[in-house]
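Both complexes below contain chain A, partnered by chain B and then by chain C.
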Partner chain A sequence: MTDDTARTGRAAVLDRWRRSPMLLRHLAAALAAFLGIVLLTSVTDPFTNLRIATIGYHLVAVAGLALLIGVSGQISLGHGAFMFIGAYTMALLVIHVPGSPLWANLLLAIAASCAAGVAVGAATARLHGPYLAGATLILAVGLPAVALRYPEALGGSNGLTFSVAGTPPALSDTVPDPRWQSWVVWLAVLLALVVVANVSRGRLGRRLRAVRDDEAAAALSGLRPGRLRTVAFVISAGCGGLAGALQAYLLGTATPSSFGLALSLSLLAAVVLGGLGSLWGALWGALALVYVEVWGHDAAEALGLSDHVANNLPIALFGAALIAIVLLWPSGVQGGLARLGAAVRTRRIGPGGRPD
Partner chain B sequence: MEQLAELVLNGVSSGAVYAALALSLMIIYQATRVVNFAQPGLALIAAYTAFSVTRATGSYWLGFVLALVVGGALGVLAERLLIRPVQRRSELSAIIVTLGLLMLLQGVAGMVWSNEPHSFPYPLDFRGRFSATDAFAVAAVGVTALGLLLLFRYTPLGLRMRAAAFRPEVARMVGVRVGLMLTVGWGIASVIGALAGMLAVPPFIFPNVLDGVFVYGITAAVIGGLDNPFGAVLGGFTLGIGLSLVSGYLGPELVTLAALVIVVVVLSLRPDGLFTRPRARQV
Partner chain C sequence: MSAPAPAPPALEVHDLVSAYGAVRAVDGVSLTVPAGSITAVLGANGAGKTTLLRTVSGAKAAQSGRVLADGVELTRLPADRVVRHGVAHVPEGGGVITQLTVEENLRLGGLWRADRADRVRAREEMYQLFPVLAERRRQPAGALSGGERQMLAIGRALMARPRVLLLDEPSLGLAPMVTRRLLRLLRELRDGTGLTVVLVEQNARGALSVADHGFVLSLGRVAASGDADRLLADDRTRHAYLGF
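Take a look at the complex of A and B:
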């Protein structure tokens, strides 16, 4: 009897949760995640704190790219370029406008990369598949060279170095800098993810999927495919810009070599690895981006392999993983987990209880 | 005027390399509707093979020949093992697989030969304006283009390859081994890619050495039209000269962005490339 009431009570809560506005649900989930991060960073050492922050900015870049590829069906090999724009905007603001607060810098970095996204997205909205991949590939290779063209303003191949404010004085006794930084990074990341989740699940996401699946039908029902594609590109570029700005904030530097083609391709690998078009997939992808690198180094060190093996192992592993996933497991990690979850649920409810 | 002539001549010799890469991309695209983003990876391994062979034996030309053989063999393997399973699936799958192969090959090259640049020999004398090496590059690409023309126009093998690319079902019915033809196409294209790599690598070889050149190869293929061999060659030389002028008058760092602007402008005006007759597009 009591068991039954508890179950109805839980069902009622679940029901109310499902019916509450989407934005509210996503904000609540983000708040819960933020509390989890605060807890996690409080029990781990400063080194791990920084690594958690690194996962955070990779996550927002991968999520933005996952939205572009999975929901709107476009491909970009050039997202490293938007991270480049975000990082350099951040660096220039910190150096030349010392009074500007961090949140304003982040917003301006997002605005700058969105502006670049408008330019690139509008120019490439008519391109598809291989042509779009080629054009964005050129962007990824070409843009970092701009820093070499203007060494006085952008620091040439050494990039820009600056120092960012750490923990505010009121908290500086209790919260060490790395912990504070990872909180800042994750707060920004989670807010951005709320936007991405809302876009992906909301009306805009539905329209993007319609254009992706059948452009002619979508156009006939009054949607404007070119404009919708550009919008998706801009949102995704903004995510890349935020990721770059957060990276610059965390490291205190912005160098052209860290935004090369390898970065753009790794981001793509992370999206495919996690599973196209899913925010959870983006989390697995971001974790892989950070930990494959770490484990690759550790493994090479443990086996006594030379430095150049250690430096190249992650990119080779990513490449092999990309091929293996497309050939064997096209829905990625999240797709596999979802199928596993469905199988478990079906078994618990019993066969026939829930048609698959 | 002096500078202009110099820049144009430089542009012609680098244009030869872009033309070769564009040809290689074009053959593969025509046969399997896949843009082979792994091309710089295949050519890289070929060039590193030449590097090791030349260092061991002292003979540049032995290394050169082996590089073409290795390049072709890798192309055949890539088509058989990786491309064929995903080719019918979706555009995106094929792009991702070739990118994965690119990352894998570059990573492996870095593991075996390290990321440090090694010096890589020129085939012939490279000093002075339009040196013997430049002439060799232009001649090699010219001969390749002519050979391809003869192959596709006048030989039974070329006819079968064209049939397999354009109407696979019909070709199969009249007895053409379509799968084999596609593999041959990848092999030939990868040999040409390896040739382009051998011409583009000197003076130094390192895992990312071909990224930039490949970008211009794609640009040349796109402005020439991915379906059109003459377009690919013309696109390569036009781009070589154009970028050489940008580099000379505006700065070498802006060359890649100039290529991007060219691609976007060309594709907005002529989605099938500059040198292709416009036709109705299938929806």
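Take a look at the complex of A and C:
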């Protein structure tokens, strides 16, 4: 009896939650996540704080790419290039415009990569499948080389190094720099994720899905497939730019070698590994990107492997994990978890039983 | 006193050519569709019926020729512009977006229109016209039967409040009874709203039973045309092109 009333009470709360405006719901979830991050970083050491921040910027890059692939049905092998643009915009702003506040730098980095996204997206809006993949591949290969071409302005292969402001003076006694930095990163990441979630669940998301599923029918209904595809590309590029800018903020450097083809391919692999269609999938992908790298290095050190092997071990591990996940759970970690959850629920209700 | 000037035709096609590579699927077709009429476009497989509709609605580019709706030039406009000029096209198979719900599919058809209140009104009208869609509004469109999908596709096209509705083989894969109901509904729609309908069909007998006029295509050209009754009565056309 009390169990029943509790259940209906919970259902009512859930129902009210579902009926509240989407933006509000997403903002509330982001706020909760942010509080969780603040708690988590308060109990962990500075090193882990930085790692948590690293997961954050990977998450926003993977989420942006997942939106592009999952909702609009386009593929990009060049998302590392947008991170490159974000990181270098950040670096150049910090070096040449010292007075510019961090939030403005981040916004400008997003704007710069969005602008690049417009150019690339408009050019590639007419391409599909492997042709689009090939065109974006050029970006991943070509763009980081720009830094080598202009060593005076962009620092050549050593990249740009700069120092970023840490904790504001008022808080510097209580909050160490790494903790503050991870808060900044996650605040930016969660705000971007709110945008991504709203896009993918909202009006624009429905339009993008319509174009993805049946482009001809969508055009006959008055949608503009080319423009919609470009919009998806721009949003996704903006996420990449933010990720790059946050990385630069965190590390205090922007080097061309960290935005090479390997990064672009890893992002794509992380999307597949995590599972398309939800932000949780992007989170699993981002975690995999960061932790497989860490574990790979740890394992190489423990085994006393030579540098040549040690440097490639994380990549090999990531590849093995990707193959295993795709074989076991073709819809990625999130898809697998969803299936597990469904299996547990049916078992609890009993075979042939129905909920409610 | 002279008779009032006739209204401009809802749709005019002049000498339209539309090709896939070297193959001219539509090879110089001209036709006139009077406002408020139901016009059947008939013919065998590969006669160019679908290509004709696709070229008229801008889903495919024309090689040459002209398309006008109510006297407005539509030639070379892309599909998303043509629908804004009052010509809506229900493609073969309906083109329902299976990942979206029934309601989301319907809304898709009117998204481009600025008049939000009228969009809501149009949606309610569609639910009255197709009550089965109202029952299933929250279900994914992939769960609909073939007939329901066809209704959804027509409803989505009507959300644009078109003056001309182009229908490509709405009877495809439907049971004869469902087809009859659908065709009757087209007739009621025309009588009620003055909608102009261009109906591409293989099912010539069914299409001519509701149509006012008919055009018979053969190998991309107009082989015969005239009033629906006359085409039905003309044994030679029937045997040569319509197969009954």
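FYI, the second predicted complex is superposed on the first by the 336 of 356 C-alpha atoms of A that agree within 3 Å, B and C clash if a C-alpha of one lies under 4 Å from a C-alpha of the other, contacts with A are read in each partner's own complex, and residues count from 1 in each chain.
Definition applied: a residue touches a chain if its C-beta (ideal position, glycine included) is under 8 Å from a C-beta of that chain, and two chains touch if they have at least 3 such contacts.
Small disclaimer: the values here were computed from a predicted structure and weren't measured.
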Ask   = Can A:V164 be said to touch chain B (first), chain C (second), both, or neither?
value = neither
Query = Taking the superposition as given, does A:R207 touch the first partner, chain B, the second, chain C, both, or neither?
reply = second
Request  = With the two complexes superposed on chain A, say which partner A:L40 touches: chain B (first), chain C (second), both, or neither.
outcome  = neither
Key: chain B versus chain C as contact partner of A:L27, first or second or both or neither   = neither
Ask   = So, does A:L127 touch the first partner chain B, the second partner chain C, both, or neither?
value = first
Query = After superposition on the shared chain, which partner residues are touched by A:A216: those of chain B (first), chain C (second), both, or neither?
reply = both
Broader residue contact with chain A after superposition on the shared chain, chain B or chain C = B
Inquiry  = Quick check on my understanding: which residues of chain A belong to both its chain B contact set and its chain C contact set?
reply    = 216
Inquiry  = Can you tell me which positions in chain A touch chain B when the two form their complex?
reply    = 69, 73, 75, 77, 123-124, 126-131, 133-135, 137-139, 141-143, 145-146, 148-149, 216, 260-262, 265-266, 268-269, 272, 306, 308-309, 311-323, 326-327, 330
Of chain C, residues touching chain A in the complex = 57-59, 78-80, 83-84, 88-91, 94-100, 104, 107-109, 111-113, 153, 156-157, 160
Remark   = Per the touch rule above, chain A residues touching chain C in the complex are 203, 206-207, 209-210, 213-214, 216-225
Request  = Would you pull the chain B residues touching chain A in the complex into a rising list?
outcome  = 29, 34-35, 37, 82, 85-86, 89, 91-93, 95-97, 99-111, 114-116, 207-208, 211-212, 215, 218-219, 222, 226, 251, 253-257, 259-260, 263-264, 267-268, 271, 283
